[in-house]
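Every chain is named by a letter (A, B, C, D and E) in the order it is written, and numbering of its residues begins at 1.
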Amino acid sequence: MTTNQTNPTEQAGTPAAPVAAHVFAIGPEEVKETTGLTPAEIKALRGTVPVIWVDFDGPVDEETLAEFGKIFELHPLSLEDVMHARQRPKVEHFPKYHFIVTRMVALKEKINSEQLSLFFGNNFVLTFQEKHGGDCLEPLREGLRHMGIESLRSLTADYLAYSIVDMVVDGFFPVLKTLGDRLNDLEEEIFRRHDQHHAARIHAIKRDIWALRQTIWPVRDALANLQRENINLVQTETRLHLRDCYDHALRIIELVESHQTMCSDLMELQMSRENSRMNEILRVLTIISTIFIPPTFVAGIYGMNFHGDRSPLNMPELDWQYGYPFALCIMALMMGGLVAWMWWKGWLSGIRSNRRFTKPFRQEIKDREDRLKK
Amino acid sequence: MTTNQTNPTEQAGTPAAPVAAHVFAIGPEEVKETTGLTPAEIKALRGTVPVIWVDFDGPVDEETLAEFGKIFELHPLSLEDVMHARQRPKVEHFPKYHFIVTRMVALKEKINSEQLSLFFGNNFVLTFQEKHGGDCLEPLREGLRHMGIESLRSLTADYLAYSIVDMVVDGFFPVLKTLGDRLNDLEEEIFRRHDQHHAARIHAIKRDIWALRQTIWPVRDALANLQRENINLVQTETRLHLRDCYDHALRIIELVESHQTMCSDLMELQMSRENSRMNEILRVLTIISTIFIPPTFVAGIYGMNFHGDRSPLNMPELDWQYGYPFALCIMALMMGGLVAWMWWKGWLSGIRSNRRFTKPFRQEIKDREDRLKK
Amino acid sequence: MTTNQTNPTEQAGTPAAPVAAHVFAIGPEEVKETTGLTPAEIKALRGTVPVIWVDFDGPVDEETLAEFGKIFELHPLSLEDVMHARQRPKVEHFPKYHFIVTRMVALKEKINSEQLSLFFGNNFVLTFQEKHGGDCLEPLREGLRHMGIESLRSLTADYLAYSIVDMVVDGFFPVLKTLGDRLNDLEEEIFRRHDQHHAARIHAIKRDIWALRQTIWPVRDALANLQRENINLVQTETRLHLRDCYDHALRIIELVESHQTMCSDLMELQMSRENSRMNEILRVLTIISTIFIPPTFVAGIYGMNFHGDRSPLNMPELDWQYGYPFALCIMALMMGGLVAWMWWKGWLSGIRSNRRFTKPFRQEIKDREDRLKK
Amino acid sequence: MTTNQTNPTEQAGTPAAPVAAHVFAIGPEEVKETTGLTPAEIKALRGTVPVIWVDFDGPVDEETLAEFGKIFELHPLSLEDVMHARQRPKVEHFPKYHFIVTRMVALKEKINSEQLSLFFGNNFVLTFQEKHGGDCLEPLREGLRHMGIESLRSLTADYLAYSIVDMVVDGFFPVLKTLGDRLNDLEEEIFRRHDQHHAARIHAIKRDIWALRQTIWPVRDALANLQRENINLVQTETRLHLRDCYDHALRIIELVESHQTMCSDLMELQMSRENSRMNEILRVLTIISTIFIPPTFVAGIYGMNFHGDRSPLNMPELDWQYGYPFALCIMALMMGGLVAWMWWKGWLSGIRSNRRFTKPFRQEIKDREDRLKK
Amino acid sequence: MTTNQTNPTEQAGTPAAPVAAHVFAIGPEEVKETTGLTPAEIKALRGTVPVIWVDFDGPVDEETLAEFGKIFELHPLSLEDVMHARQRPKVEHFPKYHFIVTRMVALKEKINSEQLSLFFGNNFVLTFQEKHGGDCLEPLREGLRHMGIESLRSLTADYLAYSIVDMVVDGFFPVLKTLGDRLNDLEEEIFRRHDQHHAARIHAIKRDIWALRQTIWPVRDALANLQRENINLVQTETRLHLRDCYDHALRIIELVESHQTMCSDLMELQMSRENSRMNEILRVLTIISTIFIPPTFVAGIYGMNFHGDRSPLNMPELDWQYGYPFALCIMALMMGGLVAWMWWKGWLSGIRSNRRFTKPFRQEIKDREDRLKK
């Protein structure tokens, strides 16, 4: 079965201007997909099919909204919530319809999210999107266009509403997947090389995850509300599906928390790596300074201009046959003693071990642990 | 319809002194706005109009309060709470009226907040502000002054009380917006340049946000209380609006938590940047010291006053034809060896990369990530 | 109306030794205040007045306690709790009386707290303090002494018990105020000057606040218990007052949490300041070392004793007419190059900016932010 | 009693292809274990024995799953959950069966976990494993094979389901044990020697523990759900056993939390050790530099080429008989003074104490504490 | 009244081997204490006295346990929990008895804890200890031995069980006291002197406290369960006592949390002290280097071998009469300028203040705060 995609210009004979809504008239036999209908036409269409889905893919002006409010008998408070995007996701029950506010997310350069306001009643579903383009409902539309007759007959408004919400909730998964991949890449990076900008990268991902978290939590509450309450218009079978959708929301929350923990752990690890690096740098500085400063002092002494010809007390070593080897010996002893002392302190080991850690780190850790056990 | 703004001095004929209250007598036909009425006049006015709103824009003395307590039959405990500002926001239900304590906030140099005590009963709303001036109710007053007749007829005391509370709650949003902007500026700043005072700035914003948090939480509880409980004097329609107002309070709490997290993240980031900077500084110190200290020691040796004419063992290089090039070679070898070693350790890379990070940081991060993938 | 302060020695005619209790016999007409009564006398007094308050300002021995347990029909478990101070604050309901354990706090050099065990029944209030002296109930006693007849007539045991608990709870506020002031002073101090002992000071205040927190939380629970439960002996009017007292406890908890957050923030700030300082110190060290170590090396080279008269390769500059200026130029170029490089890295700015931060810090922050916006 | 292990090839006469399921037909008299039955055979077998357990040790294709869904009357949503592994552990109740999703864990190089989907109804248990091989149910199978007659008679499907879940839950313990041992080893290591890779090791264990935590929490909820709810098909005796299993899940959660705390503590300790080490390194650097830099400067002065024969002001010490000893004395005084000052500051003590800490650390701590008390 | 301590060997005439249980037969008139009875004798004894307490001070073999399970009609699951020590503390109710699992703690070198499994029914109490020796029930036994007749008559099994649990719970207090003392000692130590092992000490105490916390939390839950539920076999009077015991558990939890916070605070303080120390060390290093490196460079210049007799440009100061004083002046000016600059930066103050902090720190803090106020 195919859908009849009628040309909107043919029908635009009524005086009211057509609106930018995408309309699916889902009948028992076929699905009619139209755009550019006038409000009056939509009103007329409403009674003729079992389910009608009117979808505004972008902001609507207040008048249109008010008109649709009248057609579908919506409460002014709900319409206000549609106008003022940036509502918290929520579900509100009214005698003749249910009102769901949720958010769709997509990961471009950063997290993009837009409000989706959904009304569903006896035989209609009405959706308002905050921004033009880029929604995640295309697979659903495609599904509607190619739906079999038996599925069409059993399709109800509440099931269609569930399908939309389910698609919105499942839209979080690819975003989380991408963020998770970035975190894993970052983990590898942190182990591979020092870079002071790692912290900034973790910080950026952290903010994105936090934004997701702020969005998904109230969605979860709304789903719990929709599923648990003994509400009219939602059939038992749909409620079963909502339970599944709620489980997905829980899973998203778990993933979000997992990513948050990962961020904190990576930040901690990065700090620790930075600290270790500072430690190593300081160790080298200290070793070099400690070895060379004392003999330099000795050399300085013998560089003083106290000559033996002025006073017999003036550095007799200068005139002594073995004075120079003696001075060199003193310096060598100093340096040797300090090196020995530092070796004994364990400061000399591991200076060279830095490069080796560029192997995949889990392997490295395992190798080292194996060696520890021996 | 316009409001009749009567001159208070005309009516001050009663013996009791007039009080500094701003009175709106909201009748079915018109809104009368007066100031400087005596308590007796207010008492008289009360019965004549459907709703009366008496607003004290500043502290009141105990006698006046007691008098109004008698006029509107208020419980002494409530009056005490009005006197002792710094109560927690709360709602208390009494048989003949409800008592709401909340706080209004405004962001001047720092967060200013003042207590607003609100009583509302059958046909009156009574508000007491802690401080003079600067409230956020002016739009509401303006709205009352220009309200249409049909709106006036349906206006009830509980709806007026809701409108006041709603305005107070919505007053948090601009404050949060400003703080959020400051945080975003700070984030840019932290990425742009090092400044040890960033921490102090974050700390200052943190305190302001904490103050907001302390204020909004009990407001939320109070709203939940007012909305959920099966209380008299509050009509169903008003309760719907209160639910909306409660959602706004939840949104504010989410924003506050978001800002708090942002503060912590920025503090962490600032710490990390400071650490990275210290790391870089130390690296430079170590590189310079490590390269120059050993050859300086060698130069010191050849600066010792052991002359070959005293003993043939005294630095034969001094008398050797190629002694000087030989010494220079040793030094150059030392320096070259150390530079090579440090290059091999990866310490020499990135010394120059500091300035580049002054580009907008998201761009920078993206660029780097793109490069990483290649 | 004045109270008759009878001399205890006149009445000590019974064989049992008098006890160190302070007794208020609150009649419908007057308040009698006595000390040094024997248990028998107190028992006799009990029936004759509407309310009797027996207050032990210090520890009591087990026998006296047992005797009073018999007089007022108290459960042995309650008496045990009185003996073993360091109970958690709590409320326990018995058929004929209620038993409240709470703690009074006072801030001397550190937080002092003592247990107050309070029994109240039909016509009596019994209080046991853990330590001698220094309670916070004196204003209440003073109030009782000068109470008007109408107040006396309506005074009941449950209201007196509430008054005592209220006074105990309100006793937390001055302590918190003092700690808050100290924290604010510390904040100023941290901004004004570096001192490694700031951390110790914050730590000390933290411990005090923690002790307060441990005390007030169970008090809150006890008050909620006392207020909410449908218990006998507590009248509706008193319950209203208890609700107020409960609100005060909530407010105290909020203050405590606010102070705790402040402590953590200050600790973090102090850490950050210490780090910044270390950063600055290291920067200076690095700048000085980096500028002077390389030319010192050059000077060392020309200080070597390779004289041109031994070999023509030995530092021809020494014999060259412009050798000295040439050497100076090399050194100056080195130093200049390093200075320029460090200036380009942004390390030279801000070295001098330390003192300026001793201005009140909010002003400083504001100034800087204003400048940032330009 | 032994089980009859029939050869699957003998029975594969039906047209439908045999499936890779391991089937236990648990009769009142004996246990029959078969593999490679066709769905039809399994369907036929189902009615003939009290309990049948069909176990798929690996992924199944959608058709097989649908066929089994028809045989055992399973809801399509449940079948979907089986297909899409990575569900949250949960329990879902359907009129004719219960559906349990849980995860089995095993520690190879890292935590491996696979989903186990379990259906149990009146006379069947159906399990689907996500991956081939390596399950933890072998002991249970072995137990079934050698079960006594009286046990077989009383075995019910719900008890068998409980046994499987119990085995899965108990499978967490060895994993936790191994991780705990690793943590203890790491603790010893951290005390024994410095290694910048300790942090990476702690980080790796942390991630594994977090994965466990994410798995066990919903398992706990599912068990609570299964145990508490008044559900059909689960007998009272089984419920008692489930309570026990739930206690084990609680114990696992406690262990997980304990390990998490241990990780944080170790990270903190590692940080502290790194810091201490940096402290010590810097102390040595400072001591050496402080002692030798000033006298080197003095030596430098006397190394200047101001000779007394050019001007009488030019370092008369050079020509003074005791000039050299005098210069040495100055240097010795400088060095001695600085050493004394540093000794007085307490910087010289403990330089040598590093090696001693390689003793088992609890002993070390105890020794030190004993000494402190003296 | 004294107890008759009968010799076990006299009665060992029955064939079954005697068990290592300590039996108290608590009659209405006297308490009989025996050891080494056979199970049959214990079974016989059970009916003859109002309460019998059988206590196994150490592990029992499975057969004995099964036998006692039969005698006292215990559920096999309970017996399993006895065998597998390391259960979570819990309470389980069975029709004829209650089963309590709890843990006894003792502080030797580290926290020792052992499981105590307690059954109590109509006229018996049965306790199984995990390890031999060292329980905390001796005072209870001693009390039983010397109990007066009237107490004996009113003693019931549930009260005896309560007494045992109460003793176990109270056994946590001395352990917590010791740990608290150690923490206070450590606090003093941290203020008195630097020691890098402080962190390890705090870490060790932290682990012990965590172990306590893991133990006491489920004990609390078990007590709440035992106290609240409307269970048979527990009399009202005992329930009152259990409420008290529950309060003790709450108090222990508060102490544990207090100790945990103390640990974190100490760790933080220790970190801060280490940082401060590093700061101070670096300051000294920087001061010394900054003062001496520049003049050393100047001395190096005048030590170069450019002699005036080769070229008139070669350091004319060497031949100038005031050249040497001039050079010294330059150096002195450099040093003076740097000292002045550092003094102006506030780096020179407080170098000497380290030792003074060894006074008791609260006093120190107070002194400083007093001085701050002036």
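In this section, contacts are C-beta pairs under 8 Å (C-beta built on N, C-alpha and C of every residue); 3 or more make two chains touch, one makes a residue touch a chain.
Nothing here was measured: the structure is a model prediction, and the numbers come from that model.
Contact with chain C and chain E alike is made by no chain in this entry.
Within the contact network of the assembly, the step distance from chain A to chain E comes to 2. Rounded to a multiple of 5, the Cα-based rotation taking chain B onto chain D is 145 degrees. At the chain B-chain C interface, residue numbers used by both copies make up under half of all numbers present, so the two copies contact each other through mostly different positions. Averaged Cα coordinates give chain B a centre that lies 41 Å from the centre of chain E.
Centre-to-centre spacing of chain A and chain D amounts to 25 Å, using the average Cα coordinate of each chain. Annotation for chain A: residues touching 2 or more other chains are 275, 278, 282, 285, 289, 293, 296, 300, 303-305, 307, 315. The touch graph of these protein chains is a ring, one cycle where each chain has exactly two neighbours.
With chain B taken as the origin and chain C fixing the direction of travel, the chains line up round the ring as B, C, E, D, A.
Residues of chain A that touch chain D in their complex: 191, 240-241, 243-244, 247, 250-251, 254, 258, 261-262, 265, 268-269, 272-273, 275-276, 278-280, 282-283, 285-286, 289-290, 293-294, 296-297, 300-301, 303-307, 310-311, 313-315, 344-347, 350, 357, 361-362, 364-366, 368-369, 372. Looking at the complex, you find that chain C touches chain E at residues 75, 77, 80-81, 86-88, 90, 92, 109-110, 182, 185, 189, 193-197, 199-201, 203-204, 206-207, 210, 214, 218, 267, 270-271, 274-275, 277-278, 281-282, 284-285, 288-289, 292-293, 295-296, 299-300, 302-305, 307, 315, 317-325, 327-328, 331, 354-355.
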